[in-house]
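Common to both upcoming complexes is chain A, partnered first by chain B, then by chain C.
Here is the complex of A and B:
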């Protein structure tokens, strides 16, 4: 029943979303007025390269092929899917001839390592603080925390990142200004490298985590405050259920439900990188990669990263949908 | 011998609200004297917004801000001794709940923890009061208890949303009797149920009372339910008890004009003439009329009604009414 009535339609939906998403990724750049081939040649010329007329034609043919721009849109579309099916996202033009997939896979551990840790940490700390602040909503410290969160939350995170950078990397030189690890260091599982990574990622992590915490704190506080007023909490109180049980099994357990959905969605967003934070700290993750690709007009790379994040987000949402009944018995797939 | 188990003396419970820096006071319970007996079902009736639920909160010792007891007191008789609930510590009050005084809420969709099975709610209730040993022992106790009341034990494995409204209401009653309390307080336990289910719920309450020989205080606006179950009824209007009598007296010889309206508005079998109801609507508890609060709606209002609140007149031994029309000239509070 579950299989036929829910799982299969849901899976078809998943495939369709990916299909249309990737189709959009294919169409949108082709609607743009600029021709990537001519643009590249223009850039080559601007750098002062002089080319023989015969060599020029050869370059145009090669570039057209490399960008998958041969033949009609329909032919291109078929070829595009064929390459995708082989896992071939093309080669990056500006880091020629590195395949796009290699670039993404090199940047991925940096981004995932940074964002997974900060997202989960911010979620846990923000929710714990928010839960208690909501439960003791009338107290001084709860109102003070709320005030702090209210100041942090509307702050644009790049401003926050810049402030941290200025304070702790420039004014007081405790942390490095940029990069993922010390320059020239070979990645590996040794203490020196890990130490360097942690040291370098501290400020970007802090900027993301503090803002995340403020958001989770505020939502959790509000949810807890509304759950405390629910009839099942009042009823349990009037039946003399111990306050410890009420807090853990009634209030927090129910307030956590929307937060779990929120966590899953933000985990999905990890795969598109923390664009501006990474740029501010020149962190070698997906965000910086995407930024460079946009600046350089590296179409294959832009498309590659976009396709990758379409996969990641839709898959994350699918997984949340499938495991959600574990948390909320009211959701049944039948 | 005095059999009073639950007593209120000149109880005033107000909601003190702070509305943009301005204090607003809702006089929800105003000078209420009740003496509820052991082994009795006492009904409290009245329109919406007349303070019934607030009175219940005070009776259940569950007064929390913004509600405050301004004066008067509520006492329980526990093991032969009168105990003022205001003197109890929070932990003492917690212990009394369910063991001595149990509360039956309206069995709405959100009355039970939505993510817990009924047996987990049972377990929470049991473990909070008696050391039931293991989880399975608590479940065994729950199963035994449901069987005793004639409810299906398979509901223990259900989640609240899987039960019907009537079944949820029955479970709240079952839970209330778990520790054989001396007092059960019901807040609209039959409201929002269709009449057939209502009958079952009322019957369950009656059975429970007969078995435990305890006291039930039942709040509902449904006079039909009161007629069915209550031994004695207090009619509440604008935070005051305006008339109190045994059920047959309330229905047979209502003395207060408000009670008369309530009784006359009930449909009678085979009578298709439109029923007359009370004109107007109940007064705002924040701005009560002077004198008798019912005078703006009362067809028999006299000058004195607008100026002074009438005290109780004893119409018959167990029948008292607060109205200037009854026992004219009698002043003061003859309780």
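Here is the complex of A and C:
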């Protein structure tokens, strides 16, 4: 039942979303009347890009192939998918001739590492604070925290990046303000490198986590407040269940469910993460890669990142949807 | 009017409302600006705030106070276009999906679910790369509108789903009210506050995205908006050179705007939840 009524439609949807998303990426550059290859070449020339000899010819053939400009739109479309099926996203114009997939795979661990840890840390801290603030909703510190969250919450995430940068670059120099690790250091699984990475990621991580904590804090506080008022909690209290048991078994467990959904959804967003934070701190992740692609007009690279993100995000959300019943026994996908 | 007075009791609605009014007045001042925002070198460059130039001047030779009035006006216009047009889409989709149900519901919800999973920001970047020079106030507003309706359509749909089950729907249908009239006369009054609160959220989203795109240089940079002001300030290294008045103006204005919009929306959606409303009115 679960299999036929839920799993199969969900899987069909997954395939369709990827299909339509990538089709959109195929169509967008073709919406404009002029030849995308010549436009790109023109843009490269206008920027005064200096290319290796012979690179231009290779770029033109590569572009013609990548955009699949031989034959009708239909032929082009088939060729586009064939290339994707081989995992071939073309080459970067700017860092010619590095394949786009190599660039993405180099930047990916940085972004995933940064956002995975900050998302989970912010989730834990925000929820713990929110749970206590919701349980002691009347107290003064709870209301003070709520007021702080009300101000932090509406801010765009990059405001904190700018603020921390100004503070730590000019006022106090406790932490490095740019890069992912010490310059010239060889990546590897040794303590010196890991230490350097953690040290460098402190400010970007903090700037992302501040906002995340405020968001989790607010929702957790609201949910705990409303669960405390539920009749089953009052019933448990009247039947003499100890307060400690009420809090751990009844209140927090019920309040945690919607938070797990939220965590799952925000994990899906990790891949397109905190673009501007990375730019502000010159952190070597996907965001900085995208930024460089934008300022250099590297359309191929942007297309590659978009296609990759479509795959990554839809897959992450699919996995989340499938494991969700493990957390909430009430959901049986009927 | 009574609703409005109840809402004003909440400090968040009170401050949100008045900050927004101030912003509108500020944006309105742009019509009396002595300087043309599209020209450079209107005033001496890089002056500190003074009696003559209240917020100083920038490296393009513009008076920052008057530039900011245009910026707020344009950013609000983009947000309004994005918000209103996407409201039309969201309300139509939400109501059709919720009321008709069945196949049209499944198709429409599939489309909106897909929009929610696809990395919209990157899609917008792809488009903006191609039409960068024609990314003006109207086209950016419309572009954001096309992408920004999915979540709100879902919210409106679920409200319609619950309204459809109420008794008055059956009474209306049985007494021969047409579908269109039922939706407009009976459902709209219930949905208006929800639509309004999603509009506010959507506007904040649009302003945030406008600033992000502008910082990346993906807008027509000759149009003054909060984002393009920041772009020029960053581009001319205003922070490093200590021209704090140039950076601080757009940042302060956008923070105020974000807080005002967020507080309004939180306050309205709390008001919509009657259980919490009782608590609040009781406490006030």
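Heads up, the rule we're going with is that the second predicted complex is superposed on the first by the 300 of 334 C-alpha atoms of A that agree within 3 Å, B and C clash if a C-alpha of one lies under 4 Å from a C-alpha of the other, contacts with A are read in each partner's own complex, and residues count from 1 in each chain.
As a convention for this text, contacts are C-beta pairs under 8 Å (C-beta built on N, C-alpha and C of every residue); 3 or more make two chains touch, one makes a residue touch a chain.
Every value quoted in this text rests on a predicted model; they were computed, and no experiment measured them.
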**Prompt:** Does chain B (first) or chain C (second) touch A:155, or do both, or does neither?
**Reply:** second
**Asked** So, A:277: does it touch chain B (first), chain C (second), both, or neither?
**Response** neither
**Prompt:** Between chain B (first) and chain C (second), which does A:300 come into contact with in this model arrangement: first, second, both, or neither?
**Reply:** neither
**Message:** Quick one: is A:237 in contact with chain B, with chain C, with both, or with neither? Answer first, second, both or neither.
**Reply:** first
**Message:** Just checking: does A:20 make contact with chain B only, chain C only, both, or neither of them? Give me first, second, both or neither.
**Reply:** second
**Request:** Check whether A:250 is in contact with chain B, with chain C, with both or with neither, and answer first, second, both or neither.
**Result:** first
**Asked** For A:317, is the partner it touches chain B (first), chain C (second), both, or none of the two (neither)?
**Response** second
**Item:** Which partner reaches more residues of chain A (counting touched residues only), chain B or chain C
**Value:** C
**Prompt:** Where on chain A do chain B and chain C both make contact?
**Reply:** none
**Prompt:** Quick one: in the complex, what on chain A touches chain C?
**Reply:** 13, 16-17, 20-21, 24-25, 28-29, 31-32, 150-151, 153-156, 158-159, 162, 166, 268, 271-272, 275-276, 290-291, 294-295, 297, 299, 302-303, 305-306, 309-310, 313-314, 317
**Item:** Sites on chain B touched by chain A in the complex
**Value:** 60, 62, 93-99, 102-103, 105-106, 108, 110-117, 120, 124-125, 127-129, 159, 161, 172, 175-176
**Asked** Which chain C residues qualify as touching chain A in the complex?
**Response** 12, 110, 113-114, 117-119, 121-123, 125-127, 129-131, 204, 208, 211-212, 215-218, 239, 251, 254-255, 258-259, 261-263, 266
**Complete:** Listed in rising order, the residues of chain A that touch chain B in the complex are 230-232, 234-243, 245, 249-250, 253-254, 257, 327-330
